[in-house]
Amino acid sequence: MTAGDTDLKTAAVPKAPRVRREVHHIGLVAALVLLALVGVVTEPDNFATSGNVAGILALAATIGVITVGMTFVIIGGGIDLSVGALMALASVWATTLATQSYGPVVMVVCALLVGTGAGLVNGLLIAYGRLVPFIATLAMLVAARGLAQRMSDRKTQLVRPENDAIEALSTTKVLGLPLVVFIFAAVAAAGWVLLNRTTFGRRTFAVGGNPEAARLAGIDVRRHTLMSYALSGLCCGVAAIIIMARTTTGSSTHGDLYELDAIAAVIIGGTLLTGGRGTLAGSILGVLVFTLITNLFILNGLQTSDQLIAKGAIIVVAVLLQRRGLRAPT
Amino acid sequence: MGQYNGDPPVLLRMRGIVKRFPGVRALDGVDLDVRPGEVHCLLGQNGAGKSTLIKVLAGAHRPDEGEITFGGEPFAPATPTAAMRAGIATIYQELDLVDGLSVTDNVFLGHERSRLGFTRREEGDRRARELLARLGHGEIPPRREAGRLPAAGRQVVSMARALSHEARLIVMDEPSAALAHDEVDNLFRIIRELTREGVAVVYISHRLAEIREIGDRVTVLKDGRTVARDLPARTTPTNEIVALMTGRDIEHAFPDRPAPDAFDDRPEVLRVEGLTLPGSFEDVSFAVRAGEIVGLAGLVGSGRSEILETVYGARRATAGRVLIDGRPVRPGSPGAAVRRGMGLAPEERKSQALLLDQSVAANMSMAGLDRYSAFGWLNRRRERADVRAQIAALDIRPPDPDRPVATLSGGNQQKVVLARWLLGDRRLLVLDEPTRGVDVGARAELYGVVRELAARGIGVLLVSSEVPEVLGLADRVLVVREGRIVHEGDARGLDEPAVLNLIMEGSAL
Amino acid sequence: MSEHTSDRPTTPSRRGLLFGGALAAAGTLAAACTGNDPKETTPAAQTGNLGGGDNAKPGRPVTIGFSAPAADHGWIAAITKNAQAEAKRYSDLTFKPVEPTNDINQQISAVESLISAKVNALVLLPNDGEQLNQVARKAMDAGIPVINLDRVFPDKLSYRTWIGGDNYGMGVAAGHHVGRRLKEKGVAKPVIVEVQGIATLPLTQERSKGFADALKTYGFSVTAKQDAKFTVETGNQVASNLLQAHKKIDALWNHDDDQGVGVLAAVKQAGRKDFFMVGGAGSANAMREIKSGGVLEATVTYSPTMAASAVRVARLIAQGKGMADLMELQVPQSLTLTSETVTRQNVDQYLPLGFES
């Protein structure tokens, strides 16, 4: 019996984790505010403009959408290393001459289907093939990039002028914001609802927190796992549409190292890498923090290498804070 | 109580130990004396402070107040390693072996036999073999991976590690919990051997019978305080010890049972026919009627837990079938079992039943989410209302649906698991060791809850390694030995020796 | 092609895709189905001049080995393609390419296999000049002339002839174009922005230096520069942010036409028309943009046609011939291509040489 431990925890952590989560979000929001202040002070003319805000949100859209899917996978106790590669593959598949000949609607459907399909393969390998998620999605990363290179012949595939409806997602603005920002917002909102207001979300926490308990409670853990990877794949498909809109291309080089950016955003958002706990709002805030840093550095004419250092530092600080929040102040 | 005059000098002496954690005094004045060569038993309910005390001795916690002397010297280890060096070794309940390392490597973990940074494997193996032989287990190969050893073997390795430090005091936290009957005998043999050499043992166990067998003296803790010290282990009456631990008697712990023939005209909720899982059990058939509590008694390894798990679908039988209300259940699928009205309170509550990080509410509703959802959308208001109703009905304390379940006591956690199934209509509850890790007071309460559920018409299938529990709670008892049901009968017609006899010998009464 | 609709071959619809191997196989199939342009694009080198004298006539049969990095970029892809296309034009030439790779060790063993196959000459674009130096030297010691393509070996004993582009010259060409145009417009204190490739590479630093040096002759300097990673996506990202940072820009030089696709998309999305842009490398796409008269006004070449030239030179060296237009009997030791400026005026001439990114 480990009753002593339990009772100590009781004593040390008198409040529910909800409270701590909110505190954690306050930390992220504070970081965002701080970065915004830095922006206003250093670049008063350029930073706080509606154009720049729209630009930041549009830049955050691709990685943000992917992070939504990643959040589900990680809370569900897994990891998806293939996200960047899947986005690349979906963008390439949707921009082949054959696909493009059917028009923008088919291109969009194609990207979504390719992403979801590859996600389903991930899920099948992990849930029914019993592969470790790290290995299965690593294999998918490599294979999907290879397939994308083969399909595109390693070339950058331009979205043809007759399909400029795709690009219009990025150039058309509503309320000063390009449509891709609304796509991002819609995916984030849908993700939040799915995670917090549906049985699917609840079961994601259960499956990630204690798969054995979930199984014995009658939850179909394998089917759920399959679905969460398919969801991540679907998000990659949506991200592919956004990247096609933004760059007017499909390319096997798209989404390079996105998996790391997405995982980093999820982590600084307060989601446990071991699963079972996390929030979507935290992940989105994490994405915004990273995008804001890039924006600030470029506005101030600083080098990419410095950005990387800053991002690394932020990850460490965030996780340290997170750990302090989780542990009892002894 | 003080009876020091003429006794050998005290090896370990603790006085007025206080350890505070934010919001609680985990230890609030603990006194303890341990003499060389004795087995000193530490008794107390969950939360009495035993674990904290062990951690203080192991050097993992530093006390806020009080003094400790060990071998006449002040003892204030800064780290667990320092405590080991000083001569106090601790064998934790969850053995702290590195599964991927060899037996030798585990024995000498942290003080490897090495020269210039290279481990000296030959010498290490030789020393390990010596230590294992001293423990009567020379047959354990030093190069074997620790993870491949059975539980008893792992415990021996843990003890060998303690010996390798030339420990003068070994603290054992529930060493018998993971062991089968004959393995416990061997453990006792080892303990006797050690004490003969002058090593002192602090022995922590909930099993009074063991304490009577192996212990010399008993110290009882309650609410972080020593309430009785140095009681003779063999002769102190049980009710006195229980009274010290709880402040109440354990009589009337079990609720009243309906008359033996009360179930004769009730329908069968569960019927098991010729269930077979080679290597575990064979041709098992029985039935549970509505409102009836049926207990499975048997040794660890007899197949009793496997039967339970197979009925629930967590394992898949090679032959036979399981019927609920007369209709067969799809085998090998807990999901199907749940849909047909079964519910399980598994043996390992924390690892098999609970989402420790999540709230009481989330834990309770996780198996029945479909009841609160339309097209996947959760109706959280209805969910909360039901959760609150169950908290009130089962008297879960504290009555806060948002509290993380990890912060509840063992008994209340078990109630959460039971409540999980009560949110929906259940036909059969399957309880595996329902009172493991639950303290004495809370046990009686749980027994009451289980009986009440049965009274609502739910069938209950129960497994417990504590025979009195099966006899006291169940209406009917099935005795399992070597994968077969060797006896079936009314619980009132059996007593503990008779059941033990059946379990172990299989001879007639 | 028409039967292969684009939305059909999604992975889950195929049972065989349950396992990784099957996935790869189906991928290959799908790629073949939905492949790109059915018409082979005209290899750029075929339209170049065919060399003077009678060098093009069949001579002694020779075998030429070829090793280059795996293409992760349109330019590298064009290198391999150009070399292959050029080799096909000679009946006396056996072309022996090895599997392209981005792994230094693999390239070393690939080159070793070419040495033991006793090829007559070796065209080598190393992943890294320093690290491949040893094996190139080994080839030279074995009597096989090495034609070093673009990324130079540090040891002159390791190659017979070097042929490559001029990164500094590229910056200079871009700088002159920008300087001249701004002087024409009479802009006094212009805002000049630079989107670099990978900042840590020496070639990027040389390009930037050439650009700055040329601008200095007009009394101008670079206002801001930021590095992308030679990919469309990074080009887009960096340009989006840079355009936010500078409300008014007079000229923008982007080092690389591949990433330029992303830069152009960012310019379009920001709705900016206040500046002109110069590209780099000379992709066909960039040239089409120039021709259509958008914000991209010019590009400075760093042409992958050098691979075709390298094959040509390798053949001459192996046959012991010199270059017909030069006095010398042998091919020179080093050939540096000049970076040419492609504008709307001469774009038609360059279009056939542009590579598909």
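Letters A, B and C mark the chains as written, and numbering starts fresh at 1 in each.
Everything that follows uses one rule, which is that a residue touches a chain if its C-beta (ideal position, glycine included) is under 8 Å from a C-beta of that chain, and two chains touch if they have at least 3 such contacts.
Keep in mind that what you see is a predicted model, and the values were worked out from it rather than measured.
Undergrad: For which chain is the distance between its Cα centroid and the global protein Cα centroid smallest?
TA: A
Undergrad: Centre to centre, using CA atoms, which chain is the farthest one from chain B?
TA: Farthest chain from chain B, going by C-alpha centroids: C.
Undergrad: State, to the nearest whole Å, the distance from the C-alpha centre of chain A to the C-alpha centre of chain B.
TA: 42
Undergrad: Compute the distance, rounded to whole Å, between the mean C-alpha positions of chain A and chain C.
TA: Centres of chain A and chain C (C-alpha means) sit 34 Å apart.
Undergrad: For chain B and chain C, let me know how many angstrom lie between their CA-based centres, rounded off.
TA: 70
Undergrad: Give me the residue numbers in chain A that touch at least two other chains, ranges are fine.
TA: none
Undergrad: Which of the residues in chain B come into contact with chain A in the complex?
TA: 21-24, 26, 45-47, 49-52, 54-55, 93-94, 174, 177, 206, 312, 314, 334-335, 337-339, 344, 346, 350-359, 362, 365-367, 369-370, 372-373, 376-378, 380, 402-404, 406-410, 420, 436-437, 439
Undergrad: Show me the residue ranges of chain C that touch chain A in the complex, using the header's touch definition.
TA: Against chain A, chain C makes touches at 1, 4-7, 10-13, 17-20, 23-24, 27-28, 30-31, 33-38, 71-74, 77, 199-200, 224-227, 229, 231-233, 235-238, 240-247, 258, 261-262, 264-266, 268-271, 285, 356-357.
Undergrad: Can you list the chain A residues touching chain B in their complex?
TA: Its residues touching chain B are 1-14, 16-18, 197-200, 202-203, 205-206, 209-210, 212-220, 276-277, 328-330.
Undergrad: Looking at the complex, which residues from chain A come into contact with chain C?
TA: My answer: residues 43, 45-46, 49, 51-52, 55, 58-59, 93-94, 96-102, 106-107, 109-110, 113-114, 116-118, 120-121, 124-125, 129, 139-140, 143, 146-147, 149-158, 167, 170-171, 178, 243, 246-249, 251-256, 294-295, 298-301, 303-305.
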